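So the structure is just underneath, and the comments pick up after that.
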Amino acid sequence: MQKGIMQYKIGDAFDGFMMIKESVKGLTSNGKPFLTLILRDVSGQIEAKLWDATAEDSKVYTAEQIIHIKGEVIQFRDKAQLKIFGIRPAQPADGVRVADFVEKAPVPMEELQEKLTAAIFEMENPALQRIVRAFIKKYQEPLLLYPAATKNHHEYASGLAHHIVSMLAIARELSLLYPDINRDLLYAGIILHDIGKLKELSSVATPTYTLPGKLIGHIPIMVEEIGKVAAELQIEGEEVLILQHMVLSHHGKAEWGSPKPPLVREAEILHFIDLIDAKMNMLNRALKNVRPGEFTERLFAMDNRSFYKPLFEAERLPSQKQELSHNHN
Amino acid sequence: MQKGIMQYKIGDAFDGFMMIKESVKGLTSNGKPFLTLILRDVSGQIEAKLWDATAEDSKVYTAEQIIHIKGEVIQFRDKAQLKIFGIRPAQPADGVRVADFVEKAPVPMEELQEKLTAAIFEMENPALQRIVRAFIKKYQEPLLLYPAATKNHHEYASGLAHHIVSMLAIARELSLLYPDINRDLLYAGIILHDIGKLKELSSVATPTYTLPGKLIGHIPIMVEEIGKVAAELQIEGEEVLILQHMVLSHHGKAEWGSPKPPLVREAEILHFIDLIDAKMNMLNRALKNVRPGEFTERLFAMDNRSFYKPLFEAERLPSQKQELSHNHN
Amino acid sequence: MQKGIMQYKIGDAFDGFMMIKESVKGLTSNGKPFLTLILRDVSGQIEAKLWDATAEDSKVYTAEQIIHIKGEVIQFRDKAQLKIFGIRPAQPADGVRVADFVEKAPVPMEELQEKLTAAIFEMENPALQRIVRAFIKKYQEPLLLYPAATKNHHEYASGLAHHIVSMLAIARELSLLYPDINRDLLYAGIILHDIGKLKELSSVATPTYTLPGKLIGHIPIMVEEIGKVAAELQIEGEEVLILQHMVLSHHGKAEWGSPKPPLVREAEILHFIDLIDAKMNMLNRALKNVRPGEFTERLFAMDNRSFYKPLFEAERLPSQKQELSHNHN
Amino acid sequence: MQKGIMQYKIGDAFDGFMMIKESVKGLTSNGKPFLTLILRDVSGQIEAKLWDATAEDSKVYTAEQIIHIKGEVIQFRDKAQLKIFGIRPAQPADGVRVADFVEKAPVPMEELQEKLTAAIFEMENPALQRIVRAFIKKYQEPLLLYPAATKNHHEYASGLAHHIVSMLAIARELSLLYPDINRDLLYAGIILHDIGKLKELSSVATPTYTLPGKLIGHIPIMVEEIGKVAAELQIEGEEVLILQHMVLSHHGKAEWGSPKPPLVREAEILHFIDLIDAKMNMLNRALKNVRPGEFTERLFAMDNRSFYKPLFEAERLPSQKQELSHNHN
Amino acid sequence: MQKGIMQYKIGDAFDGFMMIKESVKGLTSNGKPFLTLILRDVSGQIEAKLWDATAEDSKVYTAEQIIHIKGEVIQFRDKAQLKIFGIRPAQPADGVRVADFVEKAPVPMEELQEKLTAAIFEMENPALQRIVRAFIKKYQEPLLLYPAATKNHHEYASGLAHHIVSMLAIARELSLLYPDINRDLLYAGIILHDIGKLKELSSVATPTYTLPGKLIGHIPIMVEEIGKVAAELQIEGEEVLILQHMVLSHHGKAEWGSPKPPLVREAEILHFIDLIDAKMNMLNRALKNVRPGEFTERLFAMDNRSFYKPLFEAERLPSQKQELSHNHN
Amino acid sequence: MQKGIMQYKIGDAFDGFMMIKESVKGLTSNGKPFLTLILRDVSGQIEAKLWDATAEDSKVYTAEQIIHIKGEVIQFRDKAQLKIFGIRPAQPADGVRVADFVEKAPVPMEELQEKLTAAIFEMENPALQRIVRAFIKKYQEPLLLYPAATKNHHEYASGLAHHIVSMLAIARELSLLYPDINRDLLYAGIILHDIGKLKELSSVATPTYTLPGKLIGHIPIMVEEIGKVAAELQIEGEEVLILQHMVLSHHGKAEWGSPKPPLVREAEILHFIDLIDAKMNMLNRALKNVRPGEFTERLFAMDNRSFYKPLFEAERLPSQKQELSHNHN
């Protein structure tokens, strides 16, 4: 397997392809134009400065462009930066595709799909099962491709499906521990809760917020769509209302975007499963990048906390040391 | 015109019909059952205690029952109370109807309907006009009958239409003062903003919250319905999205029930017009009940403030003194 | 099995033993003394008024006294109340004990102990295991007897052990789903997190706050005690500090009583497991008391929300209808 | 009419006069001194950097200095910047005055004065009218010249008078819609509410906060002055107290600077009229700078929101497209 | 010295004079009128119920009426209550005056006056000294008579002067410890900070809020008056502005009623001295009523906390036990 | 006495020794490495940039390194900066020590120790006195050397002891003014309240947070240690618990790090004395750097306020003008 950018250390030379995730024009304090490029491959991302950028450069080096770059990893304000020695846009002959540079869920798409299908198969309530099936059918492709968010957690290809499948696993176990939980309802809520993001976000590779995403948001978008799908399926029981409520309330509080707080047991537990999986995703990835005895960088979406990896983790996971990236040398 | 209960003073005898708005069972500290009745007529409401209530009484004296009552207005903990000397349920022969005991908007229903129609007629944007017309047609009857809320402001029959028509009048003037305002959009937002309450509230006379009202709320209910109506009318421009946004954002802040704050000029102004008309409605009615030089009772929905009526109001409105009710003697 | 007080309906006659949980003196509005008694058996509690209470009565009918009572279940302000026809203190010959009237965890004490032992047996980190064992040994008896709180959740005999064992079950599953979690650390944190309550609360049957409970609180009490136990065991690695941190941070935020927020992965997940088990405990017990289509009473510790039990729960759990108590007739 | 700086596009050459609004010394990262100049004309403002600034430059190029400048409009971090090719201070012979470079209210001063006079003429309450007249007489000149604030809304010459006149227009209409409003009181409150700013702010062209402005603020300053003016006029009725209350409470809440919230109807409505006119002023000016389908820049004083201009505004206002400035090319 | 009401125990007979502080009409649950009387003497206050009150009684037994009463101290809901056996209004021949029943500061008025005079004599800044002297002269009598508040702290006759004098003592010591403090300024701020209360409160014996107190409040009232007094004295230096700022900011934060926070050293320290003296006054009086090992009642103005008196206070203050009142028997 | 860096004005040449307090690597916008050095001597600190820094420089010029530097004081973004002409690490022959460059308390260490000893000598309660003595003995040296914090207040050598001694002086006076205060308890609380900082902070010269400081914090650390010390001394009375409570509650509120608010009189007063001394320390030092008529820089730990020094301070302290530093020229 090819070495990703996150495996480079300060001082290492780089010679290979990367994708531009973001490109911002700037002026030096002397008034010279330059480009700040956020470059990425599957392992993560790094910043680079293209000094003395021409007007032409500004047009060529834009988001989703793949480039070939030669340079060196240097340190700038406590972060790694890629110093550019040479840069050129990729050519068809290079045989590289955007999909090769996008971070993907750690679980293969096929496995995600199987697990999703298996969960739906377990469901017994016909109304809930039919609604869920209709959504899966309608959004089959993007559901398996989209990230769960633009940043913070599961912000990679297939992130949404990965998030759903992890939540389903927690739900399965909690349903066994607390048998009063209506598992069908909880499964349905989990699978549908964030599907509105497929309309809120613009694309898989470089997602931004769409106009409906900005003005309405994925929660009301999805409440509306559940009503529509249920009407098309001519389903009329209380299941429709309860499912809409679960989506509506899954952020937990009005100030977090849910006009109603959870008022049904499964809505309450859905909110917590969502929180746990999002936090574990952020935390585990941040802790992978530090050695025992160190603190992570500040995690904005976790109240800006830095987390500590205890020294005794070293004994538990001796293999972990090799994995460390250029952030620490 | 018949004297309403709010015109009675402490010590006055009462002999007439009233409607039970609410009936709650209680036990005296000696363990005797009694009923606390909230009685109302068009002028307002008063509490009464039915001592030594039988099981039969509990079944007869319930909400929406009209009763004939003899008694005296007494004072209990700074509030007027009706002391019951005799009580019986109204008979068909009495010729009294629920509608006779419900407070109504100060503007006749026909006038409200005309003003609503006139506003829609003024609209030029065909998409907005067609959507508004479809809603008016669909909800013609309840829209003219429902209150705007269960308490606080416009909580009387036709209250919703009264609120809409007052808001349209403000909107018309502000559109002249600030010509940048898109009046069609503002009118459409005003007319539709609270129509979800027709599904949120259970009835005109004694409204309570429905299950969809409790679990979803009138705002997402209406966002969904605008989408549905627009789809039926095959309207697809940005008007649909913007109208949904106006309804979604009209409470102004997430913690007040709007998952998105106003992000369009007319949504911002809609929020303020809604606030002004609601506050003027509460304030003017509370101030009518006090004399110059007095403070109103605390108004819960206005941060629990008591408002002062200046002494010089006496010079401005010498006729106002007669209107005062039993709260002040 | 004997019928508990929670199985009585309004109108049922009662003739049996109960324990006084709380006794408060009052005066009627006529100046007559009476006692408000909170009576309990294993199924739950009910209020009763002892009218015309003598000075002698005030001394006899106090907390933890078992009484024989004859009466009738009546309704007072939407709640059931026991109307007293006859009352006397229990005699030795009655053969009744306080323990018979205290609500117990739904899992037998032996099973709780076994599960606790099994979890400790699974632990591999010797420092963590030794500290946990020392605490279990030191507090063996109260740990199995105490409630987890005076009210809200797990507020019954063995409630603390029940809470710990449920949390361990969730922890086991989450450790499998997220293998990065240090299960030993999480287990140790769960077992110790609330042991300070054994010093914060005064007793099993009618727990109140002790002076150290009021002035220091169970969290700093336990931080101190972990330090002391570790010193006695001559354990000095980072495990001691991390365990103290887990206890210190398990309420999640400064305003909830944790001077430091979780800064270690397992501390973060401990906080969430604690929340989930407490909420499921409150919610499931509240929902057991209502029928499908009804809302629970307001749950103070869950932001004062009333939760809805969907109608389709009836299909899932047809047997549940019989279980309903006197709150609903 | 001459082209203002806001009409220049990126890449346009500039050759003309501007006024320095602010001048801040800086050092490049190489330790070379430079000046950051905020330049303005009537259409708006733009930033410019004067590299290699001499000590002499620092003394010459200061606030309120008019300069002749040659340069080019470039883009720096998403904002336009004026790149300087040549610069010199204006000479008497250039015939330019500070007043030519200050943004002015869109309504001529004479019209503002007339409208103000007309409103006072409408007033019937002699006490209120005399107090208002005394203030108008005392502050005639600055009242017509001052901005309403240093930034955010009506921050241009005659901004205060423009704000007052707009508010009076809204007040007139609301008084017709809600006849209970005491129009004289509302007019008086509107005219006086912000006059304290004449002492809070230092000047018309480059206003900063005075020492009384910083230590006392315009609200208590004005409460004191109303008392003083009324005493001089020997007016003693409740009107004085109520007027002081209106000024004191017009920010609406203690945390926004009003030690008492509005407790009189006209004080409440004054607060809302103030909010509406300020927001419409900010919003309309921000929306003028964007095309249909675009969002405005973030508006700090409106909770940092970006507002959207709907696409269908294009149909309503086809003439608007030409007005767009260099921010969009 | 006569035994005050606070020295009576539950069960004691009472036969003497008291003053009515408050009289509220009520109805029993059987509909019988009664009066709730708050009775006071210099030692404190007690509640009494006058059952079967006639219309005549309602007129006679009102605030500030002195009565002769026979009765017994009983316990009602954990508080002492005076059960009335006989009651009559005091006659001129009884020789009792309102002033005999009002709680007074623990320091004689003459001593308060002397200390105040001494502090002013210490001042060296002529402007500050002249302003302070003018206020002392203007308000000489009420300043020595008024309470500092209607409840919470120093709510007794001469309470305001007592509060000022205590604060001056703290100020003197802090000025010695931190010589940078401008003692003259701090003294002036302390003496003037609450003088606005003489206009905010209606009377010494049964103070309520005046209309200016409700609509403006003592802080802006005093800012205005300092301006007026300084103008009369023709004092114009910065001292006037700074003194106004000290009064304006002495509540510390906008949400506590100070539109500007302290921005001058002495204003900051004034705020803290005010807090300390108010808190010590509340706390010491509450702790006097409990024995070592007990908690005080909840103190509303101290975040509703109950304070603990340590057991070892018994050793320090063995004489304190006798002082305890009927709250504890 | 040698001139400290804070006495240099903009434009002055510098040639002498300083200590590096902090060294941060950076890259210019052209990609050249440089070091940002925070340099200090006893008078204060100044920033300097070392351009074109070699890898060797990064290793040599680190925290606590003493350097000899030649340069000039320049102004950069409103702050003074030291422009480097020449730099070299100090040699043994230079005879300079770290202690020479650290700011010290304005009171000599011996005097601090004497005052501390005197206060303990005044104590009468043997339990409290013995505990305090044990701590003083245990931490004698660091207690006299450590700062009270890393920034904001008393952030200099011996700062902790200086803070304690100032607080003891206030406590002595308040105990005289309010004789109910238990002075022994207050003294003990003051002396111990921040001793946990000796474990929270890493060193005297360049203090950072230790791992226990980050994960537990000085408050719970000290609660634990008081328990341990008391156990060693076999002291068991309520004094131990109350002392722990005083330390635990001295930040006043849960959100400020105290899981229990003060619930004992002396805990409440300790909290206020701590606040006053910290604020006076910050404020007096900030005001020393400005002239009458000026505002201080914003003080982050005082809600980001700028404080004003009145003009009339000039008359009171004519000698103060000479003391002004390079911040003002």
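A, B, C, D, E and F are the chain letters, set down in written order, and residue numbers restart from 1 in every chain.
The working rule: a residue touches a chain if its C-beta (ideal position, glycine included) is under 8 Å from a C-beta of that chain, and two chains touch if they have at least 3 such contacts.
Source: prediction; values computed, not measured.
Of all chains in the assembly, those touching subunit A and also subunit C are B, F.
Among the remaining chains, those touching subunit D and also subunit F are A, E. Where subunit B touches subunit C, under half of the residue numbers in use are shared by the two copies, so each contributes mostly different positions. The distance from the centre of subunit B to the centre of subunit F, each centre being the mean of the chain's C-alpha atoms, comes to 61 Å. Inter-chain spacing, taken between the CA centroids of subunit D and subunit E, is 46 Å. Look at where the CA atoms of subunit E average out and do the same for subunit F: the two points lie 40 Å apart.
Among all residues of subunit C, those that touch two or more other chains are 29, 211, 214-215, 238, 242, 263-264, 295, 308. By the definition of touch given earlier, these chain pairs are in contact: A-B, A-C, A-D, A-F, B-C, B-D, B-E, C-E, C-F, D-E, D-F, E-F. Remark: subunit A residues 28-29, 34, 49, 51, 74-77, 81, 83, 295, 308 touch subunit F in the complex. Those residues of subunit D lying in contact with subunit B across their complex are 125, 127, 166, 169-170, 173-174, 177-178, 180, 182, 185, 237-239, 242, 261-265, 268-269, 272, 275-276, 279-280, 283-284, 287-288, 295, 302-303, 305-313, 316.
Subunit F meets subunit C in the complex at residues 211-212, 214-217, 219-220, 223-224, 227-228, 231, 238, 241-242, 244-245, 248, 254-260, 263-264. For subunit D in complex with subunit F, the residues that touch the partner chain are 25-27, 29-31, 211, 214-215.
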